[in-house]
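Some structures to go through are shown next.
Each of the two complexes below includes chain A, the first together with chain B, the second together with chain C.
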Partner chain A sequence: MRVTVEVVGEETRNVDVAADATYADLARAVGYSPHEVSVMVDGSPVPEDQPVDAGRVRVLRLIKGGSSGATLGPPS
Partner chain B sequence: MDDVGPEGQKRLLDSRALVVGAGGLGSPVIQYLAAAGVGRLTIVDDDVVERSNLQRQTVHADADVGRPKVESASAFVADLNPDIDVVTHRTRVTKENVADIVPGHDVVVDASDNFPTRYLLNDFCRLQGVPIAHGAIYKFEGQVTTLVPGGPCYRCLFPEAPEPGTVPDCAATGVLGVLPGTVGCLQATEAVKLLLDAGDPLVGRLLFYDAMDMTFETAPYQRNPECPICGDDHVDSIDGIEYTSACAVGAD
Partner chain C sequence: MLSFTRDAYDAIVRHGHGGGDREVCGVLAGDYGDGESHVTDVSPVENAADTPQTRYAMDPEELLAVIDHVEDAGSDVVGFYHTHPAGPTHPSTTDVDRATWRGYSYAICAFDGHPFLGSWRWRGGGFAGERVAIEG
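Right after this comes the complex of A and B.
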């Protein structure tokens, strides 16, 4: 089936997945481990092991940093 | 300003804000809450100032290297606004001490750098009815959202923390120095709005900031009725939750 995947902060892609694909498979199809994202359908996260049954999803990346961390130089 | 005025200024002066983390995000939060005249600031951090922090942790200076961040931040506030009452805790917020630190505050600003603290604050504050101005950063990107009683919580967005090592962090990859300034100022804005009970806070919306593209994007999210923390059948305490890795809430 074809699913429109909007990765927040990145581009929106149309992805073809197998009929029995899960949301974890969908996350991997756009380059992310299911550990590092939430796949959202209608504003709510869906379990990663659930079969894909939505035509459009939004993928939110989980980011960690805040207080400490190393210096990053200016981009080249 | 008509929306604040003398009454709003007094309201800020009578307010108590807790800032968890006195680093990259915490610095602008502390600076602007102090400048705004928030009467009592509690600052929690267990770290000491390192020279490599100074490109983004703007409440600390070169002479503070080696000094506890809570001491350096407290001195910064005293210089900026001596009318502010500052309370410091040189520690991490943990399951063991959170009940001694959080209660009594009108707002918590989560400027922490790790998932156990983030989930602990979300869970404890929600059960106690304390709002959170949340922020997180990574390389050139930031996320901001506001968590208030009645709205969705952080677990409605990200039900569990990822396993350690599966999500890169700033310590491994670095962060653009000015990025936490932008994101921390957004958190401070939300905290002041909450204290003033003014405006439309970022509830049920995740603001995503990309510094390289200079774009802001907002993703709506909803309260999960099955959320173990804010759902219809939520837990009553954090006693059964481990805040070590995935921060999962047990089934019983």
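Right after this comes the complex of A and C.
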């Protein structure tokens, strides 16, 4: 099936995926790990393991991080 | 370079102070440029992380709504900010591991002393520091 995928902040493209593809497969098809993004349908996240049943989706790159973990030296 | 209006800069510091020992976060809006961006507006976004003292994770629905609002208003998303209530003043390895918006500014306001706001552009393989200024 063909799905119109907008990567928020980047471009919109049409992607062909298998009939049994999941939203995680769709994220990978546009170059992102499912852990890096939320696939959004009508403004809400959809479970990554759910089969694709929307003709248009938005892939939102997640914004997260924090002060935990080893720290780097100040970047240049 | 990442420049801020005085109001936008102060809004981040106030937001950070209000968060106490929790990290807070939000979206930077204004005029985007690959080498130089100007921030005129700051939009807080809910920190949905399980451990907000040391992590932040913007709520996806709220983040998308803010991005749409910024773009509908004819402005650009310039980048994002979050706080480090107890430092460090620079990105942690967690920040590096989670960064996804190539070419955008990630500003960090640290509060382990006098508030200090630094900014870095995510270049895919790492963060590149950029000068921060207050203008206009």
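Just so we're on the same page, the second predicted complex is superposed on the first by the 64 of 76 C-alpha atoms of A that agree within 3 Å, B and C clash if a C-alpha of one lies under 4 Å from a C-alpha of the other, contacts with A are read in each partner's own complex, and residues count from 1 in each chain.
By our rule, a contact is a pair of C-beta atoms (placed from the backbone, for glycine too) under 8 Å apart; a residue touches a chain by one contact, two chains touch by 3 or more.
No experiment lies behind these values; they were computed from the predicted model shown.
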Using the superposition on chain A described above, determine whether A:V41 touches chain B (first), chain C (second), both, or neither. neither
Look at A:A21 in the shared chain and tell me whether it touches chain B only, chain C only, both, or neither; answer first, second, both or neither. neither
After superposition on the shared chain, which partner residues are touched by A:L60: those of chain B (first), chain C (second), both, or neither? both
Once the structures are superposed on A, label A:V8 by its partner contacts, choosing first (chain B), second (chain C), both or neither. both
For A:A29, select first, second, both or neither according to whether it touches chain B, chain C, the two together, or no partner. neither
Where chain A meets both chain C and chain B, residue numbers: 8-9, 36, 38, 40, 43-45, 58, 60, 62-73, 75
For a test of understanding, state which residues of chain A touch chain B in their complex under the given definition. 8-9, 33, 35-36, 38, 40, 42-45, 58, 60, 62-73, 75
Chain A touches which residues of chain B in the complex? 21-26, 45, 47, 52-53, 55-56, 110-115, 135-139, 141-143, 156-159, 161-163, 166-177, 180, 204, 206, 208, 210, 212, 215, 217, 219-222, 224
Touching residues of chain C toward chain A in the complex: what are they? 23, 25, 45, 49, 51, 54-58, 60-61, 63-65, 67, 77, 80, 82, 84-101, 104, 106, 120, 126-129
How about chain A: which of its residues touch chain C in the complex? 8-9, 32, 36-38, 40, 43-45, 58, 60-76
